[in-house]
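The letters A, B, C and D name the chains in turn, as written, and every chain counts its residues from 1.
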Amino acid sequence: VSEPGLFDEILARGGVREAVDDRAWLRAMLSAEAALASAQAKLGLITAADAARVADACRVEHLDLAELARKGAEHANPVVPLAARLRELAGPSVHCGATSQDILDTATMLVVRDALAVILADVTGAADAAERLASEHRDTPMAGRTLLQQAAPITFGLKAARWLAALDAARQRLSAWQPVAQLGGPAGTLTGFGEHALELVELFAAELGLAAPILPWHTDRTVIGELAGALGVTAGTLGKIARDVTLLAQSEVGEVAEDAPGGSSSMPHKRNPVAAISALAAAMQAPGLVSTLLANMIQEHERAAGAWQAEWRPLRELLIACGSAAAWTRACLTGLTVHPEALSANLAALAGRSGVDLGAAGELVDRVLAGREVR
Amino acid sequence: VSEPGLFDEILARGGVREAVDDRAWLRAMLSAEAALASAQAKLGLITAADAARVADACRVEHLDLAELARKGAEHANPVVPLAARLRELAGPSVHCGATSQDILDTATMLVVRDALAVILADVTGAADAAERLASEHRDTPMAGRTLLQQAAPITFGLKAARWLAALDAARQRLSAWQPVAQLGGPAGTLTGFGEHALELVELFAAELGLAAPILPWHTDRTVIGELAGALGVTAGTLGKIARDVTLLAQSEVGEVAEDAPGGSSSMPHKRNPVAAISALAAAMQAPGLVSTLLANMIQEHERAAGAWQAEWRPLRELLIACGSAAAWTRACLTGLTVHPEALSANLAALAGRSGVDLGAAGELVDRVLAGREVR
Amino acid sequence: VSEPGLFDEILARGGVREAVDDRAWLRAMLSAEAALASAQAKLGLITAADAARVADACRVEHLDLAELARKGAEHANPVVPLAARLRELAGPSVHCGATSQDILDTATMLVVRDALAVILADVTGAADAAERLASEHRDTPMAGRTLLQQAAPITFGLKAARWLAALDAARQRLSAWQPVAQLGGPAGTLTGFGEHALELVELFAAELGLAAPILPWHTDRTVIGELAGALGVTAGTLGKIARDVTLLAQSEVGEVAEDAPGGSSSMPHKRNPVAAISALAAAMQAPGLVSTLLANMIQEHERAAGAWQAEWRPLRELLIACGSAAAWTRACLTGLTVHPEALSANLAALAGRSGVDLGAAGELVDRVLAGREVR
Amino acid sequence: VSEPGLFDEILARGGVREAVDDRAWLRAMLSAEAALASAQAKLGLITAADAARVADACRVEHLDLAELARKGAEHANPVVPLAARLRELAGPSVHCGATSQDILDTATMLVVRDALAVILADVTGAADAAERLASEHRDTPMAGRTLLQQAAPITFGLKAARWLAALDAARQRLSAWQPVAQLGGPAGTLTGFGEHALELVELFAAELGLAAPILPWHTDRTVIGELAGALGVTAGTLGKIARDVTLLAQSEVGEVAEDAPGGSSSMPHKRNPVAAISALAAAMQAPGLVSTLLANMIQEHERAAGAWQAEWRPLRELLIACGSAAAWTRACLTGLTVHPEALSANLAALAGRSGVDLGAAGELVDRVLAGREVR
């Protein structure tokens, strides 16, 4: 694992940073090139020996990342020098009939799949912690607050159950997103793959565990746009939870505390809810990145002049932001202490006005918990 | 139908403008109030006669929209004066146990449902036109272009099939989105609805043809975020098609023309592809609006202090933008003339260099067309 | 004044709504056409009588807005039918040598100028109220809060002085923005204006009190981008103030209250800080709109195919959002009551820990107030 | 210089990447700590010997960046462990009276200043190249294009002069932005700096060549918002130029070519305008990042709970995107070949319809060139 950058442990928390780093992307491009050769060998387009030679060549240690970066810039993508280098190593069976975008888009799908697995684990961990809070505090009354004013009593369990339901919805949405292989050749007609072209696409996708596309999607970025939307919604949910925690942890409210609060360089008494704050900071970066990815869906003809390249950084940033928000939210909820006496004290004035009718709060919590068990 | 505003026939084209206008929203709020009373009558919480009185009161003509607007501003939502006015008309059985957000969120769902029906009709119309183009030009060769440079031959049918596949994906995504009723009472505990609260939620939702929520979702805006994402992706797809058309219609390319090109106030010879241009202008407004809706998912406690209200305008704008892009794209593709001689002429130089191997273009078109028939 | 729409008194508060409505935009287009004729008459390009006839024709009552809207859509801008109608009324001296974008961009500048005057008045009103609070509470101690935790003592005056300084900075930035006339003809060469073309641009701009451009700026949208940036910063400042007020007004903090708090449809005891909430809701809409306007700066050649039209709605929305935030913030601060006993009570625990050293708070307040007097 | 990352030579081109990297940020934080001690020594708050000891300690080689990153995450900022480490090295005279945000915001200003110098150099280089093109092609006629249709003749010089004017406007705006020191202590009252606190702020700022603030601006992010706006406008201008080049370089238009066009992994005949494409890809990332920074202006009380931390990544990304767009645009325009025969050929059909009246194109070019000389 590479060392963290200056702000990484705050804003690029958790396992996503490594899952989307340069080596991961390079590995994924190599997997795509190897899978193409392997699939072509299965169809007899190249020999098994050639495919094996390609597979041998497709190792990170055979490539100089910085050189790829430099030479790739001459062509606006790193696959041109990658394919050239692999041909040096393994001969002309490399990259047969493919276009750079086939390899890079497919690699992106592999990278995203790995990053999503990390994000999902942390979202699930956060949901598990919310479940515990919902269960433990099913009947703990507290003040409900609307427009930041005390409104009517609720339970802490209901609040946690809402977090849980939203986290589970985010999880389902992310899980439902399906990475799709890209293979089309220069202009997406599959020319260069011979008469078994459509079969080749299926085999190529299957090698990598990806879905096979109906059509090459070089400039139909639906799959990227849907991913962006799902990540944006996830970030929104994580941000909502984190915002709630920062508000509940306010000095004047004091209803929750994190187990590893942060200090200050000048104020030793501070107990900052660092996990919630960091989760919020990460979540707040998502909407702008989603908008960039959606705006970049407007891609010209058979390959875009700029909008495609414009996806790489924001997609990586969005995965990192979402992963960081998930990791911090998980840490926050897992280590969250609830202060029942503060809940009671804050509720007292309100209860005097409106009584403590908790309605169906308990049943609502039960419902969310039961829904979880089923899954 | 109200008269169009100055830019509306360009930027708020089609049926969405009316589907999301103030009267539609007011009608939807009244439907929500009536449905609540009706559901409560079914459970014996109020009498059938009371419910009928509420239903009678819930007519647009009983309400002064401007007055609701003005009085609503005192409370940051128009439901407070709406409920007060309905109580004048129909007595205390109005709005029993509900909170303003229950009515407004539910109304929003009804409005969105109607707007989506319009958008879906236009996306489908655009897809039908793309299908015709794909079918007619299955074997019409043309220059494929990557990075705005001629790359390798494709067919016009393949280009249209890609549009079609993306439109159908957008359609499926929009169709899969499900509007959900909102009912929770002041702090989301269903207090005030008595022991049959959960049943009431089901009945209320069923009255309106909406899904019933597991929990009140006052500050879990997943349903809004997912809608925003789906609309953003749809706009991206429509924008991509429109961009392609503007490029193909360039004077120096001349491969397509719209059937009702626009003129200029100063250049009588101009044949501007007005439908594509207007579709693009609408589509380009979506990403920023999506980002606003996603950013506003970070909502405090049991009802947000600002972020909820902040949804209303961008949601309306986003529906209008998406609907306008869909209406124009449908018009554009339905009236699109393809110029085969220009396709050939532009292809000539490229063909000289690379031949005219069309790969599996025809089979790819067939695939997309076959996928359509199944549906 | 037209009646407010359903959400307008909440989200389109203040005078901007009228300043940017369709009639205002139509009036501005007519002013531009009249100014062009007048300037051309001064150079002898048309007769004074012709210019007078054009001026007579350029009245809102001569035009049917809905018809312009409908016919304009055939050309993707309403100036084509506007010029045609004016020629019916005043003969061929109308719109001589101009292109549609000349008139519409110039009209946009006039509309923005009027809207900014309204926004500036409300920002100034808010600043005046902040000044009063800073002055009155120069020495009123309270708890300073960082990361939503009590940190070290400050004064309410210092908090208000920070609001004031930020409002004044926004005001200065908005005031420094300069609307620029647009005049270039079909492709921006000033062809059609004869040998005195450059002089004509100066005269045209002077007629309207606008700056004259060095070059036509049909696809150089710097002036729009800078406006968007200035409005975005203003909205950010207004949103920050409103957020502070909602936090200070929390039930558990209780340090401030608005003079016209809002109620709830279900909870009579609620005292919602409606002005701050509405200001926040408006401010939160700005960033996405700014991003749309910036993204639309990428305009093709001599007139964009979509990105120009895509400016109209977001620009209007942004002005409305900013104006609404300013109007509400002004109302909020003007009617803000500070509760010294709550300030003291909340400070007590903190003061026990850290004492009440207020540092240079008073001098900092004085500085901001003194800076104001100078202006 | 560190090795480029996989996509860096495409999307993080030029000198900005290094100007904003972790070492640069760390150096800047150390400069801020040293300047504080130096300023405090000048006021006699600490001894000159102590200040010298602090200065000695403030060297990058004394710090372990990864450790700062890890420990900083416990406090949601890296200054807490930084100050602790410096105190180990230089005793208690380190960081006296400062808060973490004082150091980090000041460091950000230093980093931005350096990054802007790089961006300005590349924008200026691009402007110089545009000047050459404007001058050389002052009288070269070509087809003007509106809505991507041939409209009326212009000159290539006029097109280049418009690029030049926009670049110079961006340059001026960026140059006018002023970095401001941050110094306020825990809650912004300057407590802890003694009676000469205001003087200290001036000295601190002067040490670093920054402007001194009227007030600490911990949660008044005007300076960040204005920077974001200026960078967003710059990116818009660079993107417009790049879009124009990609369109002019189309196979069917062929009016310009880059001197180092890119190839393809599958199509040896391709001559992709890689510089323009990469510039566009960078520019398209700006609007979303600007929106994030503007949205994050809504910061709570005396230090935000998340929105401050949320600035770091998008600000860095925005500087990189803008710098990359500037570097590529400079390369693109510097190496741009104009093909006069293509200009003529494309103009022929249009000229047949509308003649070749170039209006004041030449004078407009002269104007822009003359304006440059003055500067």
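List of remarks:
Criterion: a residue touches a chain if its C-beta (ideal position, glycine included) is under 8 Å from a C-beta of that chain, and two chains touch if they have at least 3 such contacts.
Given the structure is predicted, the values throughout are model-derived calculations rather than measurements.
Look at the CA centroids: the one farthest from the centroid of chain A belongs to C. The greater number of contacting C-beta pairs, out of the two interfaces B-D and C-D, is seen for C-D. If you average the Cα atoms of chain B and of chain D, the two centres end up 37 Å apart. Chain C and chain D have CA centres that are 26 Å apart. Counting partner chains per residue, chain A has residues 76, 99, 145-148, 151-152, 185-186, 192, 243, 246-247, 264, 267, 272-273, 277, 280, 284, 287-288, 290-292, 295, 305 touching two or more of them.
Contacts between chains leave no pair untouched here, as each chain touches all the others. Interface of chain C with chain D (complex): residues 76, 99, 144-148, 151-155, 158-159, 161-162, 165-166, 169-170, 173, 185-193, 197-198, 214-222, 225-226, 228-230, 232-233, 235-237, 239-240, 243-244, 247, 280, 283-284, 286-288, 290-292, 294-295, 297-305, 357-361, 363-364, 367-368, 371.
Put simply, chain D touches chain A in their complex at residues 3-13, 22, 25-26, 65-66, 68-70, 72-80, 83-84, 95, 97-100, 185-186, 192, 242-243, 246, 260, 262-267, 272-274, 276-282, 284-285, 287-292, 295-296, 305-310, 312-314, 317, 321.
Within the complex formed with chain B, the residues of chain D that make contact are 143, 145-152, 246-247, 249-253, 264, 267, 269-273, 277, 287-288, 291, 295, 346, 349-350, 353-354.
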